[in-house]
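As written, the chain order gives the labels A, B, C and D, with residue 1 at the start of each chain.
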Amino acid sequence: MKTEPRTDAMLMKFQSVRNFTEKLAKPLNTEDYVIQSMDDTSPPKWHLAHTSWFFERFILKPYLPDYQEINSAFDYLFNSYYETIGPFHPRNARGLITRPSVEEVFAYRKHVNEGIQRLLSTEAESSANILELLEIGLQHEQQHQELLLTDVKYNFSCNPLLPVYQERPYSESPGESPLYYIDVNGGLTETGTDQGPAFSFDNERPRHKEWLEDFAIASRPVTNREYLQFIEDKGYEKPEIWLSDGWSLVKKENWQGPLYWFKKEEEWHYFTLNGVRRVNLSEPVCHVSYFEADAYARWAGKRLPTEAEWEHAMRESEVEGNFAENGHCHPACGKKDSGIQQAYGDVWEWTMSPYVSYPGSRPLEGALGEYNAKFMSGQMVLRGGSCATSSSHIRLTYRNFFQPEKRWQFSGIRLADDRK
Amino acid sequence: MKTEPRTDAMLMKFQSVRNFTEKLAKPLNTEDYVIQSMDDTSPPKWHLAHTSWFFERFILKPYLPDYQEINSAFDYLFNSYYETIGPFHPRNARGLITRPSVEEVFAYRKHVNEGIQRLLSTEAESSANILELLEIGLQHEQQHQELLLTDVKYNFSCNPLLPVYQERPYSESPGESPLYYIDVNGGLTETGTDQGPAFSFDNERPRHKEWLEDFAIASRPVTNREYLQFIEDKGYEKPEIWLSDGWSLVKKENWQGPLYWFKKEEEWHYFTLNGVRRVNLSEPVCHVSYFEADAYARWAGKRLPTEAEWEHAMRESEVEGNFAENGHCHPACGKKDSGIQQAYGDVWEWTMSPYVSYPGSRPLEGALGEYNAKFMSGQMVLRGGSCATSSSHIRLTYRNFFQPEKRWQFSGIRLADDRK
Amino acid sequence: MKTEPRTDAMLMKFQSVRNFTEKLAKPLNTEDYVIQSMDDTSPPKWHLAHTSWFFERFILKPYLPDYQEINSAFDYLFNSYYETIGPFHPRNARGLITRPSVEEVFAYRKHVNEGIQRLLSTEAESSANILELLEIGLQHEQQHQELLLTDVKYNFSCNPLLPVYQERPYSESPGESPLYYIDVNGGLTETGTDQGPAFSFDNERPRHKEWLEDFAIASRPVTNREYLQFIEDKGYEKPEIWLSDGWSLVKKENWQGPLYWFKKEEEWHYFTLNGVRRVNLSEPVCHVSYFEADAYARWAGKRLPTEAEWEHAMRESEVEGNFAENGHCHPACGKKDSGIQQAYGDVWEWTMSPYVSYPGSRPLEGALGEYNAKFMSGQMVLRGGSCATSSSHIRLTYRNFFQPEKRWQFSGIRLADDRK
Amino acid sequence: MKTEPRTDAMLMKFQSVRNFTEKLAKPLNTEDYVIQSMDDTSPPKWHLAHTSWFFERFILKPYLPDYQEINSAFDYLFNSYYETIGPFHPRNARGLITRPSVEEVFAYRKHVNEGIQRLLSTEAESSANILELLEIGLQHEQQHQELLLTDVKYNFSCNPLLPVYQERPYSESPGESPLYYIDVNGGLTETGTDQGPAFSFDNERPRHKEWLEDFAIASRPVTNREYLQFIEDKGYEKPEIWLSDGWSLVKKENWQGPLYWFKKEEEWHYFTLNGVRRVNLSEPVCHVSYFEADAYARWAGKRLPTEAEWEHAMRESEVEGNFAENGHCHPACGKKDSGIQQAYGDVWEWTMSPYVSYPGSRPLEGALGEYNAKFMSGQMVLRGGSCATSSSHIRLTYRNFFQPEKRWQFSGIRLADDRK
């Protein structure tokens, strides 16, 4: 039986994304799959199972007539936060679940994969609804691929042995590109996207008008070299440049630099997925919170861009850069090109925009309405993807969001400025 | 010696505002001045002293040549949060300071008042700078007048004796006005204000363009009657209508109604500054958090307005209503007029806008730059003033802001809607 | 009508004890009565009311036929912890109760006093039961007198103005008495007391046999001079001399000396009820926890006495010393006498005995059974009274008890040793 | 080369104990070795490594000249709490250490085993000191064997899948033996032991005199049947029978029965290492805290024994019973014999004695002095061993100790009484 081309393409994408998750998990020991080193992270094993549960719960159970689940308890264990589906295991207790074993979780993945393949092959033409749900499921899995990397990084950093996720040659740093500001004309612009052939999340929709004043945006993200000047100028000791909540954290947590930075024999080093290294000054600074990004900008006499400004400024940039696919798992130095650089990949860029719904937006119907909308409180938008994001996942209108104190994502800084 | 008219006017305003603070404190026992019943509140005594310190620190010390302070420790005790001025007493320990006594605090007020009077009378024409600082100091004191009332209310509510702040006749409820939605045309609107003859805070500036789609706004705030339907429809038990952080709070704090509501013999009552009463169904609902306002709106199939929408919709409304000056200290029922009602006074109205800086804004220079700007994280904007706000303090562009979980302010709900 | 002599004596004692409470409160401002500066302390106002409630609840209500209570809510507000009587106001919220006012609390005291006087005068001979309850009530009030002083001290210490409870001349320090060890023969000794004419608490009963090995006990408490050697020898930095729980506290709380000690211009000072002073090296060290007492003893190559040893060693000592009645409110230097000194008064002496019931003990019947017995977990026994204890309250068999981390009582150290 | 008989015996014991640890770990998946489900527990992997570190640190490094450690970081990772040895990994972060892997930990065990074998075989006669340290190391390992079982039980109970540690047939319950009280004569008794040929911990020494009144002791531990009567009589709702700290916990934790008990279809079940089962009413009640044991005793009109009474009463009992070696891993029903039953094994029996040092005791020299002594604060003594204790580990004078709120050990209740 022949399947329809769109179904074929989806099947290929499905296999590719699912395989990539397992490729990312390859360097892990069985033991590494189990732990949750802080409330924000999840065990690698949980990521692998939860992403499978997503397909099972939203597609296989409703649409594959004879689907048999492996274990009915998985609906409780691997539901993340969908209140309308039913009760779920407490987030902060995910690391206490040693069973199902890693092997069983991989069997669960296989079982779900086979279900999806069966579903796609049994119908000459898969319904648009199923294809759309599959697309969401794959985008969802790509988000968890990034979390898998950032969570493993955090987990490993808690071990005094500082395990190495992967051995990679230490890439010699090219000279960094100069920093300059690019003028962007404002006016009545448009932000977001409408449901089109390309996938978008509900939080990116609809495309809507937004008035922007003229502004300037930095040609590249802030580098470690620049951020080090902030540190050396006692940026972490000057309350006047910090938001009040940020300053409280600086004192409480005794922040003295980005997450993962530490001094060894008087020199700054950082923990990376490729091992401990001396800080490469030419790379974009990474693992800073919104509070640090904001304080840095104030110290530099600039500001962060709004998300509308960011989107407007990047509209012509290609989606290319240092992504998860190349396996570097660490921000890379910039090149000496002109124009806007590193718009995508390397580091997520904090914007000064709180994460709220777009005018006229409507969340998805049903449980998937909980996917994005209910988090629209207390979080800030980040744009552009990172070295842990898949290139096929990121796009101009993509909105990532985290609380302003979070630092374990690959988050960095691009400055903006008002036009004089 | 004759003073200049603008100085005269300022002196009169100074005396009037300072006296009003003391009038609000009149019903308190000495004991009532001392306590801090949660971290968000401050002891009445502290409000009285801190507002005086503000004039002393920002005006008298720099500008009155021979000014003698009463006690140099007050600079530590009564600085609220100005990091650039110096260290200050921890906010959560304000209620442990029994000395200076209430009497000494009133003497401190008198001392500062005399200093200001001397300053204003010694110069034929007070400098614009001093007049501007005085204006800020008075606006500041008016903010603390409102906090004094809300803090006393919260303090008293923690006492099982439920003390009465003031005896007031129970006003018979007029029938409430009908709820309808008023269409407002959007387009390229302007929000905020520019430095003009009238006072504004730095966070209201500059006047800037904002694109709005057409929208509709409710003719009046949500009433207790309407909110009760939400409660009875199990609004507090439906996770799907709540923001995630809000739902966590509902469960953790076991919220079942607005702050101060409780059931007595099967009927809803509330604690007010005028004593415990049966809930008046025709009044605007009050003491709800942003999370509750947002959940109510979702339950009602509507949404909250943005602050730009609110400002645009209220542009023609008069600043009139139920304010602190009339001594009611409680939201009042609406009247049966047409058009937008209760735009000002009664209850602060939560907007769906996070509190961020306006495009092109610049905080004040020096320590006063800490007044507003450093709180631009994690808070939501409220508009319109309440029954505890002075009418001379509120204005169209005024931005109040609190964290989305706070409920001890007189905060209520006005709904908005997209235009179909 | 003539009352019976024993009743007369009780009435005199009643008036004397009740008056002494108010005398101790005399130096307080109205504001000082209100606050609770940590969970362990209670507001002075609460002490005054609770001690009155005790007489009202256990004597007047059951035994004075026409007794009228002032306010039925006091039964909730001023019950401390008697579960069997009914619900009570949470301990940690006692400082949020500004009403009843201080004046009303004094009126409550007067009301209760009159009730007791009426009760004692209406019967020719008061029943033994009532006299016994009165005795307990007075012993109870004396305990709260001590707490009133220690709580005021702690409250004032939280105020950067460091208020002075009373002005007292700084007594020149006499040379301290030499420290030597007194041999005490052990054997089959007796500890505790049996119900006799003299009052005792249920936790002191019954008198029972205890086998003791021969031991030695220090002639006087450890002085500040000696304790300073411990500090200077880095006693607070040596984990090996600390109990595990104590060491955790040292690190968490950053203890570097006794409570109330601080360095000013390189010299140790302490906060006292008589103001801030340079540490008098000849006085007994005070405001140390059990953990510090135990660590000091280990550092000194000695140990603390058990409570049976303490009682056995002090059996011949007179109950005399520096008590609350003399108004010094601070430990005094020792005199140069021979034999055991400062057995009573000055500082409570930590023993190495956990607070448990004596063999064959029986708690009181009814709610008063909750007085002592339910605290027999996690606390250590202290003996001998302090400068804040009334001389008429302390006795050889008296058992005080606090958690090993507490420091706000006047608690000190007397060493003991095994016999070589 | 021939080794000396005492050395031979030690080698055999060494191999036997070390093997038994690994036998207990046999049913675990790799994943099960990693987690720490609360601060009190440790990951199985950590137990396996820490017990090896103990031999390495205290014996191999000082005494085996050419000993090569596998990884110098293990000294930090697997030191439990020996402050005098050096810094150690925080206790509550033991579950975040996925590396070294389980395999590497087993290799570490092997490496240490070989070291010990080499040490014992290289000298014709091992020094008494080394043999003594080995004995301590083995006793230490046996303690961790018990913790391994209790920790695995707790870990598994946190998993909604309720994994089964081992499949065991459900043993039909024999009728339980009747409960009666055995009179024991007191007098001047002796408690503890002196250093003899048999091993004892420092906290069991020296043998010392203690005066005991005549008392009675229960013939067997309290059964589930009896405890259920306490539950059904609302024992968990009666504050008057609880210690104050216990009552706080009952309310805070909502205790309604022993740990691991839950109701399923109206019937009490418990989670065991052999799976979930209906509560066997004839077994000794288990997994109760001291607070529950104490409340039960008060409810029953009895009391717990002191540790001296326990030791005196059990002096003639054989060390026999239901121990770890038989693999039952759960308390067993009693038999219908006369005399004292189940003195050893089944459940640890809470005594009413706080854990303090014996008169004249001296902790071990050096770091091993930290083994027992520094925990002599805030803990209660338990006696007799449990179904998770090795029979070769327990003895008459053995003192176990835990905080009064702990419930995850196999802890039960034996009642005592004063003689009328």
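Basically, a residue touches a chain if its C-beta (ideal position, glycine included) is under 8 Å from a C-beta of that chain, and two chains touch if they have at least 3 such contacts.
Note that the coordinates shown come from a computational prediction; the quantities given were computed from them, not determined experimentally.
Participant: In how few steps can one go from chain A to chain C if every step must land on a touching chain?
Facilitator: Between chain A and chain C, the shortest chain-hopping route counts 2.
Participant: Chain A to chain D: how many Å between their CA centres?
Facilitator: Each chain's C-alpha centroid was found; their separation is 47 Å.
Participant: For chain B and chain D, let me know how many angstrom lie between their CA-based centres, rounded off.
Facilitator: 60
Participant: Quick one: chain C and chain D, Cα centre-to-centre, how many Å?
Facilitator: That gives a centre separation of 38 Å.
Participant: Listing for chain A: what residues touch at least two other chains?
Facilitator: none
Participant: Between the chains shown, work out who touches whom and classify the graph as line, ring, star, complete or other.
Facilitator: ring
Participant: Dump the list of chain pairs that touch, please.
Facilitator: Pairwise, the chains that meet the contact rule are A-B, A-D, B-C, C-D.
Participant: Chain A touches which residues of chain B in the complex?
Facilitator: 81, 83-84, 188, 208-213, 239-240, 242-247, 290-291, 294, 352-354, 356-357, 359-360, 369-370, 374-378, 404, 418
Participant: List the residues on chain A that touch chain D in their complex, please.
Facilitator: Against chain D, chain A makes touches at 29-35, 37, 45, 71, 73, 76-77, 89, 93, 95-102, 155, 158-161, 163.
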